[in-house]
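When the chains are written out, they are named A, B and C in that same order, and each has its own residue count from 1.
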């Protein structure tokens, strides 16, 4: 009982902290019809700087890390990405009003990772003085790529199977990726992989990672990327809040199951990530902050890199269903539930 | 005599300080035909960050303030906004070549507040080490909304009266705001109020105010918004200077009285604000810096929030007359005359 | 032998420093086909802030400098700009497949100065703790304007001469600049000069210079422009790297001599600047850092101010040949060879 009170107290106190307060502020502005807007190039700059910061920090940390230490959480992140997509398929594809393509795209997006949400969680842990492994940013691509690859592969395989029975659609369905015209085959997985890695978010993260690993960017990291982190994060949260509210209207057009999925999935997926993190904590001493960040990554759905990748790979899917569900529900709920994982980790690990 | 020399010395020394120097630099660049330009999204980002900074600072200060202390200057700011518009109406509407709509729009814009000018004055006081009440930013909406509401209401009332005599124009004149089609009525004032509060500038300021008041944004304020303030202000002054020069050409097309009004109004309005501030100083111990800022707010004319609000509420007014007068004359003169109020306050309060 | 090893070691160590690492990172991203992009307004903001920083710093330094100290390097910079263009003409105009206009435009661009490259060199010297004269930024316009004026004047003179023999083209060839319609004459040089000074890059630099010289911007320089310098430089290098790679494709369309020129010119021109700097070092005690920066300015080719000036003044020249050569080869090679001049200066002056 005491633990629950403690958890609720921790959660409530976070709502006054800048990160969540700016998110809620952005939602309120949009809800009240403000004409305030953050220009697109500014949004892109903010995301670029935050991702580079996360990547550089991870790269610098990986350079000094024991690679085995990294291997366990990386495997865990990969497993989380795949499991989340498989659960999404099991749930969404048996619902009425959900086409297989739309369902797989939604499952893929919720399996992939939101850089903003991860940055928000890092900011909140920093502000609380909770330590986490410096290399955590390097886990992002493992979960993200695993989820997108799994979702796109399963969607294309199911489309290929339906082609056999309905040969008329074959032309459009098989020509969409890489233009190889030969349906599902080996180079297809590589094409998705390469396409995902080329997306702006993953590129920025991997660039930061590579620079942190192979160059010596410590000075510019300490004088520029790190000091600006919290301020840029506050701007990003503002934009995410406004964006989430603006997207709510999209949900009127989609099946009810998407709304239910968008609300519950962040909690279920976060719990999966949390459980994997707890296992790593048990066996390899993975930090409490690391467990929180793994839970948050699993809980989040991709907002920067996922949508264009899915749109390119699964053009038949209706983007307003999966992007609406993710942006209007998945992302804000994932961000707002960060304090839950913080409180849980504090109760279960420190205790 | 000595006081006048002292005042002139204070004024001259300010022209070498970054704030005014960047404004003059921007004017010179435009006058010399430079092709340098600051992209629109950058301008919007700078204004957003400055307004959030002013709002956050005010919100944090209001949280700890005695509300009665705030009430007197807030009332003063409201009165200043209304009085300035009434004076503007008395002067402008009896001039030849000034339509009632154009005159009221101009009076409203000069009664409203320029966030850039306020930020410039804060920057200059900070640099001189002159203290002012932290909640000053919270006075901005009182004066701004009072002036815009008064101007738009008077303009619509006079249009409604002329509709009675010239029924043909009724349709266009009464349908412009809120589309209620019933001429001037009660919901009309609320519509203007809501529309003004939704404008980007007031929204950003109120958002900062609310976050400062209800959340705990002290860390991100101190690590991001405050340190960047002076640098962003220098960029904004550069843009204002270029913009002022570019707008000068507009003035060739308007009646001479606008030019005279644009030059003199900042001084007359500033004196009104200064007098109200001095009264508050006398009765409630309002600070010298506060008196300066109230004078500057009264002296300034709106550049971010006013124009779109007026354009929406008074579509019959010729925007090149009121925006030209304000941007090319009112705003730069208000900024350049900030040292005058600083010198006056120093001579009258410290002395 | 030892000196060569030392030079190579110095060079290699620079490739891990942020400046070059971000440039190479940008190239790799583009080479690997990443969809990451830095929006145009962000790029413009970064360049504006860097140029203002260089200008402000130079202005503040010139204010306290002995003007004779500045005169010798300024003369050296002017001579370097002219000599580089004359060499370019001697080499390029006798090659097959190079039109006189294209050749002169390329020579002009390689004689002009790249603000990004200069900023990169300053950043690298700062990071190594190598001192240089504060006024160095003020030399930029001398070399830049001298090179562009020489190239455009020579190109227009040769076009005027060919007009005598082929009167049919007279109309188009002589009407391009200033529209005076009287062929080559006195006001023509002034027109180019004014046009060059109005270009965004030179304007921003001269504005910073004037503000540093006549105002007192020390506080905002120290609190904003200087602390952001290295971080913004890292972003700029990223963009330059991506841009360089993207422009490589242009080179397939141009004559081979451009490729050879683009690769070798930075080294030859840098050596000319280095020699002039060494002379100034010998006679007036010009610093080792100053020698490096003069070499880098000479080595670099203009990327911000030069192209639009040349496009306006020499519209007959094929911009894909000169901009392609400069952006894809000249600029990255000039940046990558900065460590060479640093190592040489260290070996020859400190030794």
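By our rule, contacts are C-beta pairs under 8 Å (C-beta built on N, C-alpha and C of every residue); 3 or more make two chains touch, one makes a residue touch a chain.
Values in this document were obtained by computation on a predicted structure and should not be read as measured data.
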Query = Shared touching chains for chain B and chain C?
reply = A
Task = For copies chain A and chain C, work out whether under half or over half of the interface numbers are shared, and give different or same accordingly.
result = different
Key: Separation of mean Cα positions, chain C and chain A [Å, integer]   = 43
Query = Residue numbers in chain B touching 2 or more other chains?
reply = 39-42, 228
Message = Could you list, by residue number, the parts of chain B that touch chain C in their complex?
response = 15-18, 21-22, 25, 28-29, 32-42, 127, 227-228, 230-232, 234, 238
Residues of chain B defined as touching chain A within the complex = 39-42, 44-45, 48, 198-200, 203-204, 207, 210-211, 214-217, 219-220, 223-225, 228, 308
